[in-house]
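Pasting the structures in now, so scroll down.
Look at the two complexes coming up: chain A is in both, with chain B in one and chain C in the other.
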Partner chain A sequence: MSLCLLDEDSFRSSCKLLLQQSEELRDSWTWEPGSSEEGYLKKIALKSVVIDSSLKWNLIDDDEGEAADVCGLSEGSSSSQVFQYEYHIVYSCSYRTPALYFRACTLEGRSLSLEEVWSSVHPNLRLRLKHCPLNTITQQEHPLLGQPFFLLHPCRTQDFMRPVLQAAHQQNRSVNYVLTWLSVVGPLVGLDVPLHYSISSSSTKPD
Partner chain B sequence: MIIVVLMCLKLMVLLFFSLCNLAVLSVCEVTMASGTSEAGSSDLKLQFAPFSSALEAGFWHQLTQKKLNDYRLDESPKCIKGYYYNGDPVGLPTRLTLEFSAFDVDGPTPVRCCPAIGTLYNTNTLDAFKATDKKALLEKEAKEIWDAIESGTALKDPSILCRFILLTFADLKKYHFYYWFCFPALCFSEGIKIVQQPSVLEQVFSAKQIAALQEAYDDLCIKRGTTAVPYFLMKYTDDTVRMAPLGDWEAFFTDTKKVTVGVYDPCTLSQHPGWPLRNLLILLAYRWGSKLDTVEVLCFRDRTMQGSRSIHHSVIFQVKLPTFAPNSACPKSVGWEKNPKGAMGPRMVNLSECMDPKRLAESSVDLNLKLMRWRLVPSLDLDKVINTKCLLLGAGTLGCNVARTLMGWGVRHITFVDNAKISYSNPVRQPLYEFEDCLGGGKSKAMAAVERLTKIFPGVNAEGYNMSIPMPGHPVNFSQTTLSQAQRDVEQLEKLISEHDVVFLLMDTRESRWLPTVIAASKRKLVVNAALGFDTFVVMRHGLKKPLVTGSAPSVPGSSLFSNIPGHKLGCYFCNDVVAPGDSTRDRTLDQQCTVSRPGLAMIAGALAVEMMVSILQHTEGGYAVASSSDDRMNEPPTSLGLVPHQIRGFLSRFDNVLPASLAFDKCTACSPIVLDHYEREGFQFLSKVFNSSHSFLEDLTGLTLLHQETQAAEVNHPHTNMYTNSCRPNSCS
Partner chain C sequence: MADDKDVLRDVWYGRIPTCFTLNQDEVTEREAEPYYLLLPRVSYLTLVTDKVKKHFLKVMKAEDVEEMWFEYEGTPLKWHYPIGVLFDLHASNTILPWSITVHFKNFPDRDLLHCPSNSVIEAHFMSSIKEADALKHKSQVVNDMQKKDHKQLWMGLQNDKFDQFWAMNRKLMEYPTEEGGFRYIPFRIYQTMSDRPFIQKLFRPVSPEGSAHTLGDLLKEMYPAAIPNEGEQKRYQVVIHGIEPLLETPLQWLSEHLSHPDNFLHICVIPTPTD
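Entry: the complex of A and B
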């Protein structure tokens, strides 16, 4: 039982370990400190997605001629659009597990709806959700930023972490809770956790 | 391949090049060949990939906070910070990113990213935004860069070479943000001549040199105490690479015949450098242009994929810099970002969906429901539910609970009708009211309910009508005033029923249900009725008469008395009664007025009423759906949500529900053809007769009186008051 729970100190040390590996692998996780002890892991990933006609730019026609710039490369209108995906790993005191907050926005900073996020991540949203046991997603304020994010709800986390942790415990293997958890939940929302993490984690055992 | 300055000639030039197969070709020859006169342009010119602005959602949140709390009406320029990165995979645009930390200029920059300092001009009005002199802003910024180049401060702190301007207007009522970026670049009037075509580093450098280069760069970073160096100087041999900061030029380069400069390059194109190089080349030309033969440029790109780092794809090329005459004026400058149409113009982003709390509440509610659909009931038609307009007749215990459950389903359009005021006993059982609402004689229930609904969920479209519903046996003909009031009430109710899709009968008297039952039956509106006893309740849908146009309903031979009754043949609340409403002494049906219910009962019945409506809406035939019975509990359900019963009768004492179904009664005092016919032909004339007469009027009209006489004579039960409905009808007034 207590095996499946994560206290805040372990969360932080787990995150620290993940950060070290991220630094080695030049993955872009960073630790964003909150007030006092609090903080969260953050990663931004960019993806170029084939443009959807529903995602149109808002333009104001205000053509103020600037002298033609012979040295500026003028790019043709591209058929793809770039989205910025933001992932935050925050400690959930009530569930005593990590919680994954995420949002995606256009380069203008407009947040995407969950459907838009998903359709850009998984071609078949419905199929994906149907076959996924951890698909409890809500829209919530980020506990430290106060801005709206999507939250992969931590209520199921213990259920799927228990067997992993128990197996590891039996084999006397140390497991980075946050990393193991992330490799399960990340792909659901388009966050890839490189395999190299698990390779480097088995080679660099803590303690 | 080579991309050439004269865009209109691009195709011709490409053709020409491929024919000649020459690496460098004078553009003059091409222009002459094509017959256009583009005087002054000669040779292949270097072209830079401009920055694309990239704003994170957090930036706008933070700008909003700043505007509300710090800047307020202050329009003076503010210093902000963005960053750019040289490790993007191919295909991403060259970006300058601003996130929520942009306002914290002294804060950390993300690892291995270069900071870029900018000036924010946030105007107070859209007019001011539009009227801002963009040319002047750009020239001011360009002048500062030029001054720094002239004075030499740019050598010590080359970050001034990569600056930006951000012009914004934040409409915080609509959460619309207007913005326009500028990345100021000074221009050589004739462009920059390419001497050696851009090549990928690994084609020019040996593996050993590349490794040495990477090491030298990392060392420089460590020496400078950062993780990214925007500009640097470089010397190399076959197996060594040395680097130095820009300011060390004089000491580092003793021979200026050929120098190599490095730029941290955010561009991913193989033939073009990104924007940060532009002003550096101006600096070099200004200070050493006359001494330099050619300048070799390394566009340093440094990416890590799947855990392995590479700089092999960096780009290297040589250019010949023009020279500036001594004491030259500041060159002309460019840099305002084009909008996505490719035109010069600002952009606007509408963030109401993620910043307006009301919109947030709406999207969160919708998301919750959508998740239910995605996860559990894929065929659930949520729009059908959400767009249903519900009329709640009665805003008491049932009305409050029905409204709350409707809101849970995302129903947006809810209208209350009630003439009561909130009394002290109400708030504990009626969850839309509070103690305060009872003071001073009490607020009107219909109005208070609307107020509370809007507080609970601002996205709701709620309306309240504080009005009475005329009842049979309750005369309205005391005076012309009371009569015309009754007429107005009837007209209002008719109008409301017409305007809604589902009518909920949630009143506390049986008589008051009669008029809406008649009107709704006539208008073919779906009626969901809920009534409470002490520990029993009934929730039922009224039979939905066949549409008027089809004439008389064709009889379905297959349906027996109690099973497979299609929706149009189902009875209404009054069909089971052998007495007309209006006579309280003979009234044996359940209604709250004569009893007090167990407190949980209204919540159960109210919730069931809404869930029944939702199930009906999910049925392809809606209100015409065949009634499911208790026996159908074992069968394949007719909708994605399950059964669509006619009635749910609950017995709290046994914690049990049954699902009876019954046929419409041809002598029903509310929905029989003769009643509807009289109502449709005579309108208020007929209704006022019903209000003003005793119950015998309706009983005579429908033939119930005759039936009673026959029944009493024969001493047998009426065939319609079958065992099922009789035994299941809870007796409340005992």
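Entry: the complex of A and C
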């Protein structure tokens, strides 16, 4: 289904639209240009996050063939803390989808570890994380900056975008791929997409 | 289909003699001797250096030991690149053995991914294979494999078992004869001259007219400066697995034979040494 794929030009025009709306809504997305035409969307946000320290992530291989799993709900303290999150939306030419890269640090500048990120995701995602954490969020090299970031793995993106895009296609509605995608994946890692985005996008519908 | 088995073997068994030295600033109880090892080009630093770690831990106190990392002449070495790529990129024209410095303190968070266990390497390796298959076969081959097949690829690499790995990897190297190659070639072009870690884009093995694309065609499009103009002195070397393949080599053949186990063709563009 080519409908579900996003080519690089459409990615850029999707991002442009999102940027316009972000300006109107006083959200803080910016476009960071790379070399030639490439670039990515970036947003920095302060967030108060609860890290569930009762979750213990086991990263040591066991014999069952499961690479890693979560175990043991010990009595732990879960306190809320303020972190600075930096989100990047980067185009993945291999999967032909957007990919969400992010990193987070405390206000003192200490970076969050992978385990802390796993323990702070939305409960809906935690279920999947429990089974295969290393296929869901891992630390990866940012393809344009070469620095370590966390990546919400993009290989399932087409699966959940397909029904949305098909429905929109049937109803002759235009969809901003990046915005729709972001509204699904963002909240999983603490990035909320205000409802106003889709309200304003339907009122200022392009052709 | 990859059928040139000798080439596959030579690539798989490529080794780099390496001397590991402990960073001078580490606190030790007595002097640490250097440690020598033959590193497999197609593996990962953190996967094959258990012995190095053990060796240096003998002279250190547990409280002075944090996550181990490696450095070459001031550059932190990214364990998630295959060892051969790190060598070709940073140390191509140096005297052997390759001299790597080992650190147990001040992990460079901003430069390196953490590697707390082999399952992190496995996840990285498998995600590269999946990405490569998304390019080659729209993910069809890797998705048709079972979990044990994925495990076989990983175990083959981890235990340095050529036959075990290739018995499964050959499936990832197949393509419909009438198409003359993969959908797109999974490649990365590395250079040390820019912040951008590598170039990776879509590139087909066959031109719209039906002729086979060559390594030269790829570079012309992705990195024109790497190809010398007529009569000009060669400014760059284009290195794959320590050799400079002819620019006329068909890209599809390179992808099948000179790709790393992660199924990507890693190409290093380095300045020609001036001596």
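One rule holds in what follows: the second predicted complex is superposed on the first by the 152 of 207 C-alpha atoms of A that agree within 3 Å, B and C clash if a C-alpha of one lies under 4 Å from a C-alpha of the other, contacts with A are read in each partner's own complex, and residues count from 1 in each chain.
The criterion applied here is as follows: a residue touches a chain if its C-beta (ideal position, glycine included) is under 8 Å from a C-beta of that chain, and two chains touch if they have at least 3 such contacts.
Bear in mind the structure is a predicted one, so any value in this text is a computation, not a measurement.
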item	value
First, second, both or neither for A:L25, with chain B first and chain C second	first
Touched partner set for A:C155, first chain B, second chain C, both or neither	second
First (chain B), second (chain C), both or neither touched by A:Y95	second
Chain B versus chain C as contact partner of A:L144, first or second or both or neither	second
First (chain B), second (chain C), both or neither touched by A:S111	both
Broader residue contact with chain A after superposition on the shared chain, chain B or chain C	B
Contacts of A:H196 with chain B and chain C, given as first, second, both or neither	first
Interface residues of chain A shared between complexes with chain B and chain C	59-61, 65, 67, 111, 113-114, 135, 138-139, 145, 147-148
Chain C-touching residues of chain A, taken from the complex the two chains share	34-35, 59-61, 65, 67-68, 93-95, 111, 113-114, 134-135, 138-141, 143-148, 153, 155
Contact footprint of chain A on chain B as seen in their complex	3, 5, 7, 41, 45-50, 52-61, 87-88, 91-93, 95, 100, 110-112, 130, 134-135, 177-178, 185, 187-188, 191-192, 269, 272, 278, 304, 306-307, 309, 332, 334, 336, 338-351, 353-354, 360, 363-364, 367-368, 370-371, 374-375, 378
Chain A residues touching chain B - in the complex, by the definition given at the top	23-28, 30, 44, 46, 48, 57-67, 69-75, 77-78, 80, 82, 84, 86, 103, 105-111, 113-115, 125-126, 129-130, 135-139, 145, 147-148, 194-196, 200
Chain C - residues contacting chain A, complex	78, 80, 109-114, 116-120, 122-124, 127, 130-132, 134-135, 139, 147-148, 151, 186, 194-198, 200-202
